[in-house]
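Mind having a look at this structure? Questions to follow.
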Amino acid sequence: GEVEVLHWWAAGGEARAAAALKEMMEEQGHTWKDFAVAGGGGEAAMTVLKTRAVSGNPPAAAQIKGLDIREWAELGFLTNLDSVADAENWDQLIPPMISDVMKYEGEYVAVPVNVHRVNWLWVNPEVMKDAGVEVPTTLDEFFEVADKLKAEGYIPLAHGGQPWQDATVFDAVALAELGPEDYRKAFVEHDMDVINSDKMEEVFAQFAKVMSYVDDDAAGRDWNTATGMVIRGEAAMQIMGDWAKGEFTAAGLTPGEDYLCAPAPGTAGQFTFNVDSFAMFSLTEDEDIKAQKDLARTILEPEFQTLFNQNKGSIPVRTDMDMGEFDICAQASMETFKASADDGGLVPSFSHGLATTSYIQGQIFDVVTNFVNSSNPDPVKTTDQLAAAIQSAM
Amino acid sequence: MEHIQRRPAEVARASSDLMDGLQRWLPKLVVAPTFILVGIGIYGYMLWTGVLSFTNSSFLPSYDFVGLDQYAKLLESERWLVASWNLAIFGGLFIGICLLFGVVLATFLDQRIRQEGAIRTIYLYPMALSMIVTGTVWRWILNPSLGLEKLMHDWGWTSFSFDWLVESDFAIYTIVMAAVWQASGFVMALFLAGLRGVDSSIIRAARVDGASLPVIYWKILLPSLRPVFFSSVMVLAHIAIKSFDLVMAMTSGGPGYSTDLPAVFMYAHTFTRGQMGLGSASAMLMLGAILALLVPYLYSELREKRHD
Amino acid sequence: MSQLELRDIRKTYAGAHDETLKGINIDISSGEFLTLVGPSGCGKSTLMNSIAGLETITGGSIVVNGKDISAMEPKDRDIAMVFQSYALYPTMSVRENIAFGLKIRGMPKEEIRQEVERVADLLQISPLLDKKPSRLSGGQQQRVAMGRALARRPKIYLFDEPLSNLDAKLRVEMRTEIKKLHQRLKTTIVYVTHDQIEAMTLADRIAVLKGGELQQLGTPKEVYDTPENLFVASFMGSPSMSFIGVTVERSEAGLSVTVEGNDGRELVLPAPEYLESWVGKRVVLGIRPEHISQPDEQKRDNGMVTEGRFTVEVTEPTGPDVLAVIRLNDIDVQCRLDAEHPVEWGEEAELMFDMRKVVFFDPESEKRIRP
Amino acid sequence: MSQLELRDIRKTYAGAHDETLKGINIDISSGEFLTLVGPSGCGKSTLMNSIAGLETITGGSIVVNGKDISAMEPKDRDIAMVFQSYALYPTMSVRENIAFGLKIRGMPKEEIRQEVERVADLLQISPLLDKKPSRLSGGQQQRVAMGRALARRPKIYLFDEPLSNLDAKLRVEMRTEIKKLHQRLKTTIVYVTHDQIEAMTLADRIAVLKGGELQQLGTPKEVYDTPENLFVASFMGSPSMSFIGVTVERSEAGLSVTVEGNDGRELVLPAPEYLESWVGKRVVLGIRPEHISQPDEQKRDNGMVTEGRFTVEVTEPTGPDVLAVIRLNDIDVQCRLDAEHPVEWGEEAELMFDMRKVVFFDPESEKRIRP
Amino acid sequence: MTDVVRSGFRPSRIAIYGVLLLACLVYLIPLIVMLITSFKTPMDIRTGNLLSLPADWTVVGWTKAWSEACTGVQCQGVRGFFWNSFKMTVPAVLISTLLGAFNGYVLSKWKFKGSDLMFGMLLFGCFVPFQVVLLPMAATLGKLGLANTTAGLVLVHVIYGVAFTTLFFRNYYVAIPDALVKAARLDGAGFFTIFFRILLPLSTPIFMVSLIWQFTQIWNDFLFGVVFASGDSQPITVALNNLVNTSTGVKEYNVDMAAAMIAALPTLVVYIVAGKYFIRGLTAGSVKG
């Protein structure tokens, strides 16, 4: 049968990984119809997907994540994958925290591809050494270190001024300040007591302080350009998910030596996850349905998981994998992932749509990015705005 | 006897009536496909959007009516206000500056310039580029660390600073710059064509009346290009409304949402935020604003025709 | 009140291979009314534009009151012009159109208002003052164009077919107004027209152009009665002069030429003595319609008047007169008959030939044979 | 060769608030030549377009040979028309322009060629056959437009000012051609013109329109000599008739009216007997220029002819005649004098008033007072 | 009118030339930047600046963009998409122009009750933001079975392009005297004969305007292309977008710029070659209102 796959892995390692998947499918006698729509973190792809669905002609699989999966399922577009899941024993392979996201009313409708850790701090050790500082573990340390770096003429924090990047940093600061419990209350359950609290004001205050170490030209910069600044030693650190590793790898750097990965300040032992997944749409042709199921199965097979995640910088969703072939950052990530899943330090990343609906996510983005870009940021007022924004979107 | 004689005539009349009927309907038949297509493709969909704006459609269309809620939400949304205000700034400046450049360049180019054809082509070519390309290039040129600023620093002018692209208060003006770069040549072409179309004896008359060249352009030629102004405004408004691509390629609405335009707002809410009702409401407000601008134009257009 | 000299004016349009004006020499004295006539495309408008400074001349010079103005800007020449194509400013009202030139010259508002109203009255366009030109009929537009020129008091007026679009009645009225105006202001005027009557009645002198060359310059009477050549003769007068090829003969009574009617009947017409040297040769007899008419007692006793009977081929009553066509030497010849004594076509009529004013041309050079 | 009836034709343009044609009734008999005259904008072209079927009429009916064709498509009406604006097909050569209508009607190629050449010869445009209209002068274009109509043999020809752009000489020639053509073909022709002479000389009958209403329908002579009302009287004739307000008086010699010259001298003019009922009342005396002339022996013995001395205000020699203006009852009155006895302006002249053809109007209704 | 404006070397003329040339420079800089960047190596780009010439000229960017760069799983450059764009643009341009010509003809020469209103409504159609119509159009295309076909895409472009073409033709034909049509009707020509024999031969300038305008609009369109074209029939703008919006790896600006140039080439050529017809066509009447 034929699988048409809508994705936004248009270039680089991702594209190579996707190409591998294509090959695997073709080996199984299927045809792969590529439907790549790059740009805007998948915004364009979502638009295309919606119109395709409305025209009654959705692809077999589409890159959809987080709560959007539930929305699509609710509208009845998605197909039931339980037959594959049961056969492959997915429930055992995938942590419940993640498999929950893939399910709608207890049935699998999507396949997870990988797990990204969002709260990473990427560090250029040369620069740190040059300034005579250590990798910070708390926010306060971060501020100290950053001041010194600044004095040495480095940009302390590399950053790209796009709403989702602003939110990514905010995500990390919020986790550090609120702790996993309150983070979940605020961004998953939308508990107004937490959202509209002094603590949240503090989060904004700290966030503002973190952002003050960003250079002036950040606006509109792509995240990988920012990573390039760390690689070239113009900047010392970047708070970004583990996909940033791809950039370091492409530059031929070795983790642990040429660059360091550390938990974002104040979030050691905690793990904000971001899972890429493919939702499977209801199809009519038996042939195609078979191909679709094969696709679902292939994605979770160790062979693909290894290949893909090595390229993408993430870790496999299967907790039973041998991490030996992975680099130390991935290994560290896997460790924390497993540990935090048990001690409650594992939280879904709101900035990447795992915690809340795209509407609320967007509202938070608006408040956060506006805060970053306002000429005199006011944490108190912004907290009110955040509460109002979330309230209106609920 | 009489009715026998009349018959053939009647038959002839009937068949010629049929032909006449066809002739009479032909024009309508010819335009019918267009109007069916446009009727559905524009007005049908507009109606549908209008209906959606009264529902709480989120992810995909649904038909739970909530009255004017979405509009109320819209008017409370700060981002919407920013977007609308941006459209006013962007539209106003873009159209105004394009007209100004277009008029000035056309006027100058009308002075028997050597190599006029080549210069004209240079002014006109940006129109050939897609807004995505324009946006990408300008984003690069205006980027302080890569583009113009760096160039100036490299050339030794180290105090030069131009960082509007990354300043939320000024970023919208960089979009105006890029858009003007793209469209002003086209406006120039429109005006040049208009100037060439003016009856030369009017200029002769003005010269005999004692007017100097600037006075002739200012008092005689430009006023008589009123229809060209209108055509230009129409084309520019069309481009302004469609400059979604440009904004996306240059700033994606940033920094923050300081360069948001209603189209971007609508797109974001309809397609990425799953707020189709709100998106539809914003589309309706946008259409309303366009209507308010367009109707007077059409009115004056049709009224003027009648006096010819 | 300015004297205008055109000295050997030449003009070749850029890109054209023919010279449009081939050396025009005209002296126009101060206060004179000169009309310029000629077939379409002969260069009348070009000459006007050159005088106004709207076209650069490629040769010769334009001298006003002894001063060469050939290189001056139009606005400095102090000339007002009515354009053949009206050239009204489309965005201005009639009032503004008329006032424009005055405003530019800095006339005070109140004076402008008065002047505009005076001119509008004169041209019967007062009710139109606030309309836009596009809403006026051709004739109304033309009067506005005239108003624009008349509002000023320039050294020289140039009128390029200013009445061509008026209906017959208004045209006569306007003609009279222009005549009065000229008599009052005594401004030098150059006036282009294709209307015979206009040319004849308005002008102090007429200049006849053809193909960019001056054919004749003279008073209306001179041009009409003693045309220099065949072209001028055929161009002036409507219906135009008829041209009959004849041979000059000598008989006892003096010189004569013979014409033959349709039916073969011949008529011997007396010819003037100055044709002496042409005896036995072919000449072209130019005879105007009004020289062939019904017998008139008063004229009969003149030696240069003869009568003959001819068949009338076509008759055309024009109101006051009847135009008739007879054939002489196989050529259609127009005659002007009295409307009161109608002749039907196909009938024979007794016609009187008044040879006092006929002209003769050399068939070779087409020049008039001078007495 | 078709009889054409216009029955109460009404036309209101879409969007216009005034009716353009207000019920026109004209019967045109088969083979008749009707000219349509009237001031600009009176609806002449509209009427022509309506007959051709190019404008739908909003009332009345058009009947050809007894058949109502009001609802027919233009192409089925078998009418040919010359447009005021020529309407030449710009992309076609002159030849193709003329041939277009024939081709569409499926005439064989060879016949078309012959026909085109015949027409081109007639109109003197043979050398232009392969040119594009844009390269022709206005007059040439107009002849092509005429050629396009003449190439066909329709039931009815409509000519909308077909000669307006020709120069005087060519115009006279073309006029004669049209006249001959009509005499040969005997096709029904409706002809619009603003040229007095054309209207008078070509027409079997003239229809005078004003503001969409028929003012008078009659032979040229009727319209000229016995105009129905002031408008027709002033419209026909150039220079136009002069109108003098006078009071009808009775003296021993019969009825009379008195006019007063500029210098206060009075002249009693004889008036016709049919003014009997107007004695003591004001009437308008309409007198044409040719009715006031220099004394003529032949006319003098008529009771309706009087003489008087008046100061001539303006003189305008037109070539064959001299037009003079005198003032009677404070009105400018045109007279037509003989060119051979010139009068200078400001001089006194003995003038003869021929009252046989003057007309009188009721000042209220503006209608002519009928005998 | 140029014939009236006298040339000569006055200071004002020097100023005029100065302004015009300065403007030329401003208009050209982005193109120059694109061009020289496309011939640089990535290294060059990082070390040099906007206007510095390439240290060594290389066409790597171009060849890569044309046949190697990845736009999804395929890494065959934009080559294939280039032809996709042609397949979509040519029919859409032709159909919309033809429809526009017919509409313009009817709306100017065969007016009927309500035709002005129709024209107004059509004009208003130029101003609908395309994002609004995506979803309903998708549904419609789905129902028609045209979803994700080139035919469907062509249809979409025709619908949203015909308003402008109609506007062009209508304004052009309005300036052609009605008397021509009348004369032809009397000559016996019918609706189509008049159009094809009389008006069409006159329409070259406005056809050029319409073709150029439509070609650029449709060729440069991204939104409809990305939404209504399926995977392997996507137009070049979508490929360009995929290529430029790399989410990982070092940005190869030279490839980006070369790809952008490739995408812009056909429209640039059209403008440069046919630009003079464009002005001529505009002068011939379409501007007037």
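Each chain gets a letter, A, B, C, D and E, in the order it is written, and its residues are counted from 1.
Basically, a contact is a pair of C-beta atoms (placed from the backbone, for glycine too) under 8 Å apart; a residue touches a chain by one contact, two chains touch by 3 or more.
Here is each chain with its UniProt name: B, E = Carbohydrate ABC transporter permease; C, D = ABC transporter ATP-binding protein.
These numbers come from a predicted model, not from an experiment.
*Asks:* Along the graph of touching chains, what's the shortest path length in steps from chain A to chain D?
*Replies:* 2
*Asks:* Can you tell me which chain lies farthest from chain C, using the average of the Cα atoms as each chain's centre?
*Replies:* A
*Asks:* By mean C-alpha position, what chain is farthest away from chain D?
*Replies:* Result for the farthest chain: A.
*Asks:* Going by the touch criterion at the top, tell me which pair is linked by more C-beta contacts: A-B or A-E.
*Replies:* Most C-beta pairs in contact, of the two: A-E.
*Asks:* Can you compute the centre-to-centre distance for chain B and chain C, using the mean CA position of each chain? Integer Å is fine.
*Replies:* Result: the chain centres lie 56 Å from each other.
*Asks:* So what's the Cα centroid distance for chain A and chain E, whole Å?
*Replies:* Averaging C-alpha atoms per chain gives centres 39 Å apart.
*Asks:* Taking each residue of chain D in turn, which ones touch at least two of the other chains?
*Replies:* As it turns out, chain D has residues touching two or more other chains at 73.
*Asks:* Can you list every residue of chain A that touches 2 or more other chains, as numbers and ranges?
*Replies:* Expected reply: 40, 47, 50, 54.
*Asks:* For chain E, which residues are shared contacts with two or more other chains?
*Replies:* Counting only residues that touch two or more other chains, chain E contributes 3-4, 134-135, 137, 190, 241.
*Asks:* So in the complex, which bits of chain D are touching chain E?
*Replies:* 49, 52-54, 73-75, 79-81, 83-92, 100-101, 104-105, 148
*Asks:* So in the complex, the part of chain C that touches chain D is made up of which residues?
*Replies:* Residue positions touching the partner: 39-41, 137-139, 167-169, 171-172, 176, 179-180, 194-197, 200-202, 220-221, 224, 234-240, 288-290, 296-298, 314, 316-320, 323, 325, 332, 336, 339.
*Asks:* Taking the complex as given, what residues does chain E use to touch chain D?
*Replies:* Counting only chain E, the residues touching chain D are 177, 179-180, 182-190, 193, 197-198, 201-202.
*Asks:* Can you name the residues of chain E that touch chain B in the complex?
*Replies:* Residue list for chain E touching chain B: 1-5, 7, 13, 16-17, 19-20, 23-24, 26-31, 33-34, 49-52, 99, 102-103, 105-107, 110, 112, 115-116, 118, 120-137, 140, 155-156, 158-160, 162-163, 166, 174, 190-192, 216, 219-223, 237, 240-241, 244, 253, 256, 260, 263-264, 267-268, 270-272, 275-276, 278-279, 282-283, 285-289.
*Asks:* Under the touch definition given earlier, write down the residues of chain B that touch chain E in their complex.
*Replies:* 23, 26-28, 30-31, 33-35, 37-38, 40-46, 48-49, 60-61, 101, 104-105, 108-113, 117, 119-134, 136-138, 140-141, 146-148, 150-151, 154, 181, 185, 189-190, 192-198, 200, 203-204, 207, 213, 227-228, 230-231, 234, 237-238, 241-242, 244-245, 262-263, 266-267, 270-271, 276, 280, 283, 286-287, 290-291, 294, 298, 301-302, 304-305
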